[in-house]
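There are two complexes below, and they share subunit A, which is joined by subunit B in the first and by subunit C in the second.
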Partner chain A sequence: MKLLVCVSKTPDTTAKISFNADHTEFNEAGITFIMNPYDEWYALVRAMELKEATGGTVTLINVGPASNDAVIRKGLAIGADDAVRIDCNPTSSLYVAKQIAEYAKEQNYDMVFCGKETIDYNGSEVGGMVADMLAMPFISYASEMEMNGNTATIKRDIEGGKETIEVDTPFVLSAAKGLAEQRIPNMRGIMQARRKPINVVSPVDFEDVSSVVSYELPPAKAACKMVDPENMEELVRLLHEEAKII
Partner chain B sequence: MSVLVFAESQGGEFKKAAFEAVTYGYKTAQVLGTECVALCLGDAPNAAQLGQYGASKVLHVADAALNNFDSLAYTGAIAAAVEAAGATVVVMMHGSTGKGLVGCVSARLGAGSAPGVNQIPTNDGSFKVKKNVFSGKAIAEVELKSAIKVISVMGNSFQPEVVGSDAPVEALAAAVPASRVSVKEVSRVKGTVPLPEAELVVSAGRGMKGPENWGIIEEMAEILGAATACSRPVADTHWRPHHEHVGQTGVAIRPNLYFAIGISGAIQHLAGVSSSKVIVVINKDPEAPFFKAADYGVCADLFDVVPKLNEALKNFKANA
Partner chain C sequence: MSKYMSMDTLKFLLNEVHNMEELFEYERFQEFDKEAVDILLDSAKDMADKKFYPFVRDMDEQPAVFKDGRIIAHESLEDMIKGYADLGLIGGVFDFEHGGMQMPGTVLSACNHIFESANNHSLGYMGLTTGSANLIATFANQALKDTYVPKMISGEWTGTMCLTEPQAGSSLSDVVTSATPTDEEGVYEIKGQKIFISGGDHQFTDNIIHLVLARIDGAPAGTKGISLFVVPNNMPQADGSFVDNDVQVAGEFQKLGQKGYATAHMVFGENGGCKGHLVGEANNGLRYMFKMMNEARIEVGITATSIATAAYYASLQYANERPQGRRIESTGKKNSNAEQTLIINHADVRRMLLLQKAVVEASMSIIIESSMQADKHMATAHDPEQSAKHHMLLEFLTPITKTYPSEMGQVSISNGLQILGGYGFCTDFVLQQYYRDIRICSIYEGTTGIQSIDLLGRKVTMKNGKALQLLMAEVQETVQAAMTYDELKPYANKLMDKLGLTQKVLGKLMGFAMEGNYERYLMDATAFMQFASTIVIGWQWLKMAVAAKQALVSGKMTYSEEFYESKVHTMKFYFKYEMPKTTGLAEILMDDEVLTIKEEKQLAF
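Here is the complex of A and B:
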């Protein structure tokens, strides 16, 4: 099977978020960047398992600048065969999706994997955009998948439960926790990754229609009010009279 | 011109989320000086009811192929409704269907999108709307410049408001492509409030010591009419079902009240719950990081304090 895995780069979860002086840009100084966890732990690993079971290839794709190569190399160390980087500074999800779809449409992938969301923008939309541009079904929030020939049986996380669906290839899937178990790259993988190709491709023209105009930090919380453990009536009173939520 | 709201139904019934979406659409239409039109797909016998929340009419594509979610079929039907209603803004909820749909719809319409917003857009010559980014650690204001804009709304950001009466329902004939996805089974826990929709949530962590101790948590949830949630290690060790797991890798929620009992408050946990309106933390460790994110705190052994709190809540409910 021919598989494409979309990987993005995000600040580490524990990163302290700050902005430039006029709050129009995220301040990258001192930030550790990682591969988006849903892409790395679940999407890429499930793609690797499918390749190991039935043969084929796993290609990574990233839309971004050369500084993303470190993240792409990590994906190659986990086992992907090769990688494509669309060389640009993406400005929106639609721009990213357009680049991925333009590349993928000539390639006849059986499946395109992405993560359920990036942990920086929290969009959960790039996968759906790529799917619609390629006229493929989009299966979001997949937490289990079994293949039988060309038919996949997939469990999706829905409100308060799971939905089980069947779909034939080709399709686009977004990966949630449960789809696979995280793999740590070993020394051999890391050595091999150095020799694997990252194919750098120029972006297609696309006029963007959305942009982030400013950032702000959430309003600071007032100090936590401590309640005497012997007086739970007081906590109930506060929730009722002060917070007005019960 | 209009604001088109996709109001999702489940087995022919609307959930609260559908009314939240229409309320949001109605308020957005007021900002834009236009009307709000609702859209129902598949079985929706109560479609007219959406008028109560501000829809001036309801478009209904009754094709049975739309009873289950398929991204291509839904996107096609929504695009047809956008054209029929002359819509310039499309609104849906950021739930499991919306998250699978928002990208598809914006790609189909070539529209700029803002997924997971929690405020009404502003329109002072340019169209801007705010959403949480970095898992709740910051807020971004997004400008959408396309003729049509697509928005999905975080659950529980806007409470449904009744502003009118039933609206006329118009059947819309849309050529829906045959579904390529077949739904085999839907399993939902019965009788409890689904977590993302819940206004009150009682959540517990590893401080509970073991699954056999959850009785006091369930009791509290029952007294309050709350949903139950848990931290990730609790779900990973199967003390509680996976759909209860909140946080960065689980569900993100924003209830009015979040009770965190025996949970330390790791950054990845906070990522899913920090937008809750009021947070109450019960933890025996005064240094637990969760106290920094809390509005009210009780520093004590949960096994002493939760039963006492349950008594106090019961008395309160009995006298309310």
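Here is the complex of A and C:
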């Protein structure tokens, strides 16, 4: 099987987020970046499991500048065979999807994996857009997946239960928790990753149709108030008058 | 999950303070680069978060116990050994030909800091396996290497080192465990008892390989008659089967701290059926073992640093969450109607937190300094002059790298416990555990007293003081760099003054050594250790401040501005609150009064 896994670079979950002066750009200074956990833990690992079970190749694809190579290397250390980086500074989900689809359309992938969302912009858009551009079915939020020949049986978490879907390859899938179990790259994999190729490809021309007006941070968390466990009246008063939840 | 260490500080130390990347220019380490090390460190942190940290309190509350002739360790240990081995860390530093990856020891030190901070009760099992497998790989014959090293690297078997006996602790020349030649060449019958054997037994591997110091029948007395043997619990046979090797566990020592880390009383050959393979040449055992021992001493420094680091973050979290009291206003009074302030806003709490930060971050810095010297020593083996230089620096720094974190880590955790007030004394909070866990670090692998005698008695005088001269040159290089920043100049000058004071103190002490009065020379070796290590740690802080200033001035910042400013601020704290202690210590060291040397006349204690 020929598998493509879309991977993004996101700020570490503990990073302090800030924006530039006019709040139109994310401030990257002093930020540690990681591979988007949904891409790494679920999409990539499930693709690796399929490769290990049935043979084939796993290729990573990333849309971004050279500074993303460190994150791509981690994916190679987990076991992907090679990687492609579309060399640009993406401006929107649509831009990213367009670049991935343009690359993938000539490559005849059996499956395209991505995480259900990135943990920074939370768009959940790229997978669906790529599927549309490649004219493939799109299964979102997959939490279980089994293959039988060219047919995949996929379970998705839905409100109050699960939905089971069957789909033939080729298709695009967005991965949610449960699809696989995180793999921690070991030293041998990390050293082998140094010799695996990252093919740098120029982006196709694409005029974006939307632009960011501004970003804002959520309000700061209020200070914690400690209430004496014996003083239930005070707790009720605070919940009623200040928190206004009762 | 609570924070137990800082990846940012660790990477800052590796990359910006100590320029780890220069190691990758050596042929030995050329397979590595910064990116690979970053991924490996992140892997270590991921694993520590998932497999190690969740069990640190459990391992204290459910200690390793002796039951039916075996030691039963905490159930989580199995997964930790497997995870650490799967990462490739047990044999990572070994040569390619021995199944290793020729990883710099500096990287292993950094990884182990992550694991030890997460859980100091478990890493010793793996650390001793690395050390004992390395001894076999370095000094044993090919057959022993082939039999033992691969299975130890894979974590299928673990290893220990067996030195101490009931009558021979710090004084290893008194070891009496015997080794009697058998008909088979290189195989001896081993008989004797060893105590305080860390990781001596557990239920999670099929075999445990003990590196045992013993005396071959008829060998010379003292350290020159000690040999080293590989003694497995189960002796592998040519047909692939195993024979019980008469290695018994007589008990498990119940301890103040590190309760999850089994400490065994081992009995070899009680029934006359224990065999051991001689490693290398007869009567060279202590020399071989000290290769492992020196590495183990740095490892103890890592353990102490890491426990104190975890304690620092636990007390910092508490100080950021606990409201108590109010700040004094400009009127000199407190406004009782105002809301309580968080305790981190009180000056005395900040002082204790800054002391902790100053101790733990500089402790990690000196560990990386020593580890880099060890790596450079190994990587420059083709250039005897360079290699000897790095070896001398390593030799000088090793007792300090073991002792400063072990001793000052205790002080640091005590301050952290104090921040929690009464809660610090309660088992509801982890500080009391860390306070107990760290106590062993100034005892095992050579007590503080032994390290101090080693520093003053051997390292200061080594090659006519050459090691000390090399160290002073390194310090002066940092001073020069600091002098380019106005903000750092006063501290650079203070450090230079302390170098002058060091020469004055040694000038006085050397007089006793020249007279042959060695007992007087070494009388206050521990005070000298405190004196010298306080200055060496000041050097490390100045080095960190220089790296931070470089980032702030150039604007090339990997981390936030506050991160770098906090390094400069903590350096200033160290020079104000810790460095002056050297003046008092110098007074003790140069005082002519003799009160501790035993005299003919009995002293009534």
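Descriptive notes on the structure:
Just so we're on the same page, the second predicted complex is superposed on the first by the 219 of 246 C-alpha atoms of A that agree within 3 Å, B and C clash if a C-alpha of one lies under 4 Å from a C-alpha of the other, contacts with A are read in each partner's own complex, and residues count from 1 in each chain.
Quick note on the criterion: a residue touches a chain if its C-beta (ideal position, glycine included) is under 8 Å from a C-beta of that chain, and two chains touch if they have at least 3 such contacts.
All values reported here derive from a predicted model rather than from experimental measurement.
Of the two partner chains, subunit C is the only one touched by A:190; subunit B is not. Legend: residue contacts after superposition of the two complexes on their common chain; A:224 is shown touching both subunit B and subunit C.
In the superposition on chain A, contact of A:32 is made with subunit C only, not with subunit B.
Of the two partner chains placed around the shared chain by superposition, subunit C is the only one that A:182 touches, whereas subunit B remains out of contact. In the superposition on chain A, contact of A:105 is made with neither subunit B nor subunit C. When the shared chain is aligned, subunit C comes close enough to touch A:73, but subunit B does not. Applying the stated touch rule to the two superposed structures, the overlap between the subunit B and subunit C interfaces on subunit A comprises residues 224, 226.
Residues of subunit A that touch subunit C in their complex: 16, 29-30, 32, 34, 69-70, 73-74, 77, 182, 184-188, 190-191, 193-194, 223-224, 226.
Contacts from subunit C toward subunit A in the complex involve residues 7-8, 31-33, 35-36, 38-40, 42-43, 46-47, 83, 86-89, 92, 101, 103, 321, 323, 339, 557-561, 563. Residues 69-72, 75, 94-97, 99-108, 110-116, 128, 131-146, 180-189, 192, 194-197, 200, 224, 242-243, 245, 248-252, 256-257, 267-268, 271, 274-275, 277-278, 280-281, 291-300, 304-305, 308-309, 311-313, 315-316 of subunit B touch subunit A in their complex.
Across the interface of their complex, subunit B is touched by residues 11, 13-15, 17, 19, 37, 92-94, 97, 116-117, 119-133, 135-141, 143, 153, 156-168, 171, 174, 177-178, 208-218, 221-222, 224-227, 229-230, 232-233, 235-236, 238-240, 243, 245-246 of subunit A.
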